[in-house]
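Two complexes follow with subunit A in common, the first pairing it with subunit B and the second with subunit C.
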Partner chain A sequence: MREGVAWALHLFAGVILFFLLLFHVTQMHVALFPGWGEAALEWTNVLARAGARGWKILYLLFLAAALYHGFFGLRNVLIEISFLRRRVNEVTIVLSALGVILFAYGFYTTLATPSPMPGLP
Partner chain B sequence: MASTKQKALPETYTVEVFRFAPGEKKPRYDRFEVPVQHPGMTVLEALLYIKENLDPTLAVRYSCRMAVCGSCGMYVNGKGVLACHTRLAEFPSGKIRVSPMPNYPVVKDLMTDMSEFFTHHREVKPYIINPEMRAEIERPTREFLQTPEEVEEYLQFSYCIKCGLCVSACPTVASDPDFLGPQALMTVTRYNRDTRDGGWTYRLEVVDRPHGVWNCHFAGACTEVCPKGVDPALAIQFLKREAVVHGLGLDRLPFWPKRKQAPLAPPPKPARRKGIPAPPPRTVPES
Partner chain C sequence: MARNKRLGIWGWIFGGRHNVERFLYTLHRITGVALVFYLMAHILVVGSRAFGQEAWENAMRLVGAGNPVVRVLEYLLVIAVVFHATNGIRLVLGELGIGIGRPRRPVYPYPKDSIRKPRKWILVLEGLATVYLVVAAYFFFVRH
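Presenting the complex of A and B:
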């Protein structure tokens, strides 16, 4: 992939993360404000969300964006200021592999959650 | 009412000069007392006074003495300047400290090794490349036509005198010596925006890579320090946009504005009037 395209995706992933984080925070932590959405934090509702297809897609997108944004940023830091400056390909391959493994793990965890959760209404 | 009386300049300046010679373990600062010879005396003149009268071993690079050649870039009181373009009057305290440009190896005293700088500069092919008009570029017969607006697109970037101050001020160069640097990247924009040029894809290949244009963090120190008023930070942002557009293939979409190519001027009208004989045949064969 061209460096410029990778960089543009890095920015794009950052924008996606911003909106997904906003959504995540308002859905999961808005109960910090009294009278707002306590029901969302009830365990049965958390489990229900974890099993819902829409939420699964949302969290997979979140995971992909976070991993890409984080690892591409880390790669840039490493090849700019560390002793790995002239080992660009090696750093890219190792971090890409790590990202793919973590995504596969997250993908498995997300999909392993039954949809819909048994025992829930 | 504000007083128009100017504050008198000190009669003598204390000039601390960075000293280092190959083989020495540590650099040091030597202090010299330099008399002010005229109100417009520059830092370069002060250094030349030291060299001529106080210490002939002082090494300083200079040439034109009029801010055109870009040879005398150095740091005065921590600020990157051209020594020939900086007057002592700008430092009314009567004391200055002169150092070589950071981010470059020091050859001796105030002279820095610019070879890496020019390697990066050459790497981006800083000249007009036009494969379709190669013969015309190499043996010009007519001029290329550009509108004033097309010239404005790159004009300010062509004012660069390659003094290297932008690279010395760049925080990214300080942390990543392999970074192409603001001067080379700005040069890419200067030629890529020139409608006579056709080598933009080659230059994008050079800069669209690790340690290329993407390492610029837009600190803006290059623009801040440039003695010619060039804005390399802006040029790099243009270049990032160009690289993304080309990398994503947006410039191949039918509705995307196409690059302009400067046309050749029409052939000149024959200036010979009737009755004037033709010139004699060539005596030297055309090479």
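Presenting the complex of A and C:
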């Protein structure tokens, strides 16, 4: 991928993350609504989100944007380190492989979760 | 100049021009690296939900969910997230040339808005971040 395209995707993923991440952090830590804050970590609420198609799509988008933005950013930092400056390809390959493995695991987690409980949306 | 090019990541601190943008640049990179490592751990911990209720509850016990010290660490994480997100939006706006004034020739007397216009985004976005963090602190430490 050309560097300019990769950079533009990094910015685009960053804008997506701005909205998704702030929503996620608020839902997980700020108890504005029932089921938010500490209650969001209770198994019934975890299961309810994990079983809903909308949440699955949102989590997969979130996962892809976070991993791409994060690992491209980390790559840009690592290739500033003097002994890695001449190893751009190696750094890119290692981080891409790590990103793909984590995405595969996250993808499995998102799709392998049990079906929603009866009565939940 | 040649020496500055060899600074690498030390240039975050020793690269000169210690203005507010340099301070934000360094913080953006430090929070970014920290968040990538957190993301990797987060994906592995949250993955436990695929293995059922017991695995999920064990994972939550392992990371100390509900522990007051962990709560403080989580709040520090939220500070890093909110700062990185708002400062990142400022960088995207700057990259796209939004709200930073029209380009002009650098001829004396220099236009006053060349530095001030981009800085309004710092005030607006970090102001919003501060309001969010104060509200979040209430929910973290008072009404959780």
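Definition applied: the second predicted complex is superposed on the first by the 103 of 121 C-alpha atoms of A that agree within 3 Å, B and C clash if a C-alpha of one lies under 4 Å from a C-alpha of the other, contacts with A are read in each partner's own complex, and residues count from 1 in each chain.
Keep this in mind: a residue touches a chain if its C-beta (ideal position, glycine included) is under 8 Å from a C-beta of that chain, and two chains touch if they have at least 3 such contacts.
Computed from a predicted structure; not experimentally measured.
*Asks:* Looking at A:5 after the superposition, I want to know if it touches subunit B, subunit C, both of them or none. Which is it: first, second, both, neither?
*Replies:* Only subunit B is touched by A:5; subunit C is not.
*Asks:* Check the residue A:108 against both partner chains and state whether it touches subunit B (first), subunit C (second), both, or neither.
*Replies:* Only subunit C is touched by A:108; subunit B is not.
*Asks:* Which partner chains sit in contact with A:88 here, subunit B, subunit C, both or neither? Use first/second/both/neither.
*Replies:* first
*Asks:* In the superposed arrangement, does A:46 touch subunit B (first), subunit C (second), both or neither?
*Replies:* In the superposed model, A:46 contacts subunit C only, not subunit B.
*Asks:* Report the partner of subunit A that touches more of its residues: subunit B or subunit C.
*Replies:* C
*Asks:* Examine A:80 and indicate which partner it touches, taking first as subunit B and second as subunit C; both and neither are also allowed.
*Replies:* Both partners.
*Asks:* After lining up the shared chain so the two structures overlap, which partner does A:63 touch, if you call subunit B first and subunit C second: first, second, both or neither?
*Replies:* After superposing on A, A:63 lies in contact with subunit C but is clear of subunit B.
*Asks:* So which bits of subunit A does subunit B touch that subunit C touches too?
*Replies:* Comparing the two interfaces on subunit A, one with subunit B and one with subunit C, the shared residues are 80-81, 85.
*Asks:* Under the stated contact criterion, what part of subunit C meets subunit A in this complex?
*Replies:* Those in contact with subunit A are residues 6, 8-9, 11, 29, 32-33, 35-36, 39-40, 43-44, 46-47, 49-50, 52-53, 56-57, 60, 65-66, 74, 78, 81-82, 85, 88-89, 92, 95, 132, 135-136, 139-140, 143-144.
*Asks:* Where on subunit A is subunit B touching in the complex?
*Replies:* 2-5, 7-8, 76, 79-81, 85-86, 88
*Asks:* Name, in rising order, each residue of subunit A that touches subunit C in their complex.
*Replies:* Listed in rising order, the residues are 11, 14-15, 17-18, 21-22, 25-26, 29-32, 37-38, 41, 43, 46-47, 50, 63, 66-67, 70-71, 73-74, 77, 80-82, 85, 98, 102, 105-106, 108-109, 112-114.
*Asks:* Help me check something: in the complex, which residues belonging to subunit B touch subunit A?
*Replies:* Those in contact with subunit A are residues 172, 175-176, 178-179, 208-215, 240, 243-244, 246-248.
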